[in-house]
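Letters A, B and C mark the chains as written, and numbering starts fresh at 1 in each.
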Amino acid sequence: MDVATLQYLLGMVGTIAFAVTGVLAVTPRGIDLFGACVLGLITAIGGGTIRDLILGVPVFWEADQNYLWVALAASLVAFLTDRFLTRKEIYRTMLYLDALGLAMFAIQAAQKVMWIDFGRPLAPIMMGVLTAIGGGLLRDVLAGQPTLLMRRELYAIPVTCGCILYVVALIWFPAFPVLIGLACSILILALRSSAIYWNLHVPLWLTTQSKEKDSNDGST
Amino acid sequence: MDVATLQYLLGMVGTIAFAVTGVLAVTPRGIDLFGACVLGLITAIGGGTIRDLILGVPVFWEADQNYLWVALAASLVAFLTDRFLTRKEIYRTMLYLDALGLAMFAIQAAQKVMWIDFGRPLAPIMMGVLTAIGGGLLRDVLAGQPTLLMRRELYAIPVTCGCILYVVALIWFPAFPVLIGLACSILILALRSSAIYWNLHVPLWLTTQSKEKDSNDGST
Amino acid sequence: MDVATLQYLLGMVGTIAFAVTGVLAVTPRGIDLFGACVLGLITAIGGGTIRDLILGVPVFWEADQNYLWVALAASLVAFLTDRFLTRKEIYRTMLYLDALGLAMFAIQAAQKVMWIDFGRPLAPIMMGVLTAIGGGLLRDVLAGQPTLLMRRELYAIPVTCGCILYVVALIWFPAFPVLIGLACSILILALRSSAIYWNLHVPLWLTTQSKEKDSNDGST
C-alpha cells in the first residue's frame, strides 16, 4: 500500500469519525433521522466545502462522492446506535479517531493550499484550521449550541500549532514535504490526544474569563 | 402559456411565499423594517444562492433581478401588514403557498444539478434539499431561533423524499424529465400539505428524544 | 498622497477598528486567545469574503495579505489590552473608527460591484451592505449572540441609505464617481456617528415590537 492510498483510507476514517462525533454531539438534545444525517454530513464535509469555495476550486466531494456516501452511512449508523456509541469507552475511541481526522484534514488542506500557491504564508494556515473545525462550527450553529470558539476545549489550538509549524517548516525546507506533513500530523494528533487523555483545557490566563474574575476579586 | 412561463410564474409565487413566511417567522420577536427586509430576502434567495456557490455557477438572481425585487417587495408588505397576515386563515394559505415554493424550488434545483451533471446521484438530491430549506436555515440562525433541523416539523423530509424519487426515476427513465419533475413536485406538495392540514410531525420513533424517554422509563 | 493611497490607509484603519470592536464584542463573555483572533479576523474580513464569493471573484485578501496581518495583529492587541480598550472614552473612539470602516467598506464594495456591472441596481446596494455588516453577523452567530438584525441599534440603516444614494446618484451622474463616493461615505459616517453620539435607535414605529405593545395595550 503506497502513501496516497494510506492517506485516502485515513481520510475516510477521519470522515467517519467526524460524522459520528457530529451526530453524537446533537443526539442528547433530541433530533430526528433527517436532522442527524444533515448535521453529521455537514460536520464531515462542511469545513472542506467552505475551504474550496474560498479557494475558488470545485468542491472536493464532487469528484469523489465516496466522502458523501461514507459520511451519510456513518451518520445513519450513529443515529441508530447512539446508545451504544455514547458508552464511555466507545465514545473515547471516537474522540481519538476524531483527533486523527483533525490531524489528517488540517495538514492535507494546508498542503493543498501551499500547492496551488494561494496566499502564502497565512492562507494555508487559515485554510488548514478552517477545514478541520469549520464543519463542527457549522453544526453547532445550526443546532443552536455554543461553538467551540466559546468553549475552553483544547481543540483548535493543537490544529493551529500544527499548521503554523507545517507552513514554516515547508518554507524553510521545501525538499521534505512528505516528512514535514507526517511530523506535523503526528504533532496535532499527539497534542489533541493528550488533551483528551488528561482532560486538558485552555489555561485560564489565556482567556478573558480569568481577567474578569481577577478584576472582580480586586474590587471586592 | 407554455410550461416554462408557468414554471417561472410559480417560482415567483414561491418567492413571495418564502419571503412572507420568512418575515412572519421573526416579527413576533420584534424586528425593525431593515431586519425584516434582510431576513425576508435571505429566506427567499438564500438557499439558491448557497447552491449556486457550491455548483460554481453565477448566482441565479444576477441574471434575473426580478427575484430580488419580488422578495424585497413581499418582505416589505409582510412587515407592514403582519397583523393581517398572521390571522389564522390567511397564515394557513401562506403555509400552503410556501409548500408550493418548496416543491418548485427543490425539483428545479435537482433538475439544474442533473443537467450540468454535477456529482450524480447524491449531489442533485442534496442541492434540491439545500435550495428548499437553506434560506430558512440562514434566517433562523441570523434571528437566533432554533433551526428546523432541531424541530419535529415535517418540512424537510417531504422535500428529501421528492428529490430522491426524482433522481432515481430520472436515472431509470431519462426520456420523461418533465413528467417525472411534475410528479415529484406534486408529491412534495401533497406530503407537505398533508403535514400542514393534519398537523403531522416526525414520528417519535424516528427521533432520539423517544429513546431518551424510553431509557428514562426503563430506569425508573 | 493620492486618493488611492489615502483610501488604502483608511481601509486599514477600518480593518483595525472592525477587528478591535469584533474582539471587544465577545471578551465580556469569556473567550480564549484563539477564539478572539478568529472572531476578530472574521469581523474584519468576513463581509468582504462573502461578497467576493457571491461575485465569483478571488477573495480580496488573497492578493493583499496585509488585511490578514493587520486584522490578526489588531485582534491580538485587543485581546491583550481589553481592560484598557473597554474604558469608556477609548471604546467610544473605537466606535467612531468602526463607523469610518463601515462607510469606507460599504461604498468601496458598491463601487467594485458597479464597476464589474454585476446585477445593477440592486446588487451593488446589497453587496455594499453585506460587506459592511456581514463580518459582524458572522461573529455574532459564531459567538452565540443576538445579531444586529434583532437589535434596534442604528447601524445597518445608515449604510443602506448611503449605498442606495450612491447607486442612484451614480446612475444619474456617471461622470462624478469619486465625488459621489466621497459624499456618500461622509453621509454614512455622519449618520452613524450621530447615532453613536446621541445614542439613537431605530424608532419604535419602524419595528414590530411597537405593534405588539399596542395590541397588548388594546386588549387590556
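Operating definition for what follows: contacts are C-beta pairs under 8 Å (C-beta built on N, C-alpha and C of every residue); 3 or more make two chains touch, one makes a residue touch a chain.
The shown structure was predicted, so the numbers you read here are calculated from the model rather than taken from an experiment.
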{"item": "Contact graph of the chains (line, ring, star, complete, other)", "value": "complete"}
{"item": "Fraction-based call for chain C against chain A, same above half, different below", "value": "different"}
{"item": "Centroid distance [mean C-alpha coordinates] between chain C and chain A, Å", "value": "30"}
{"item": "Touching two or more other chains - residues of chain A", "value": "53, 141"}
{"item": "Sites on chain C touched by chain B in the complex", "value": "53-54, 56, 118-119, 122-123, 126, 137, 141, 146-147, 149-150, 152, 156-157, 160, 202, 206-209, 211-212, 215"}
{"item": "Of chain C, residues touching chain A in the complex", "value": "26-36, 38-39, 41, 49, 53, 58-59, 61-62, 65, 68-69, 72, 79, 82-83, 141-144"}
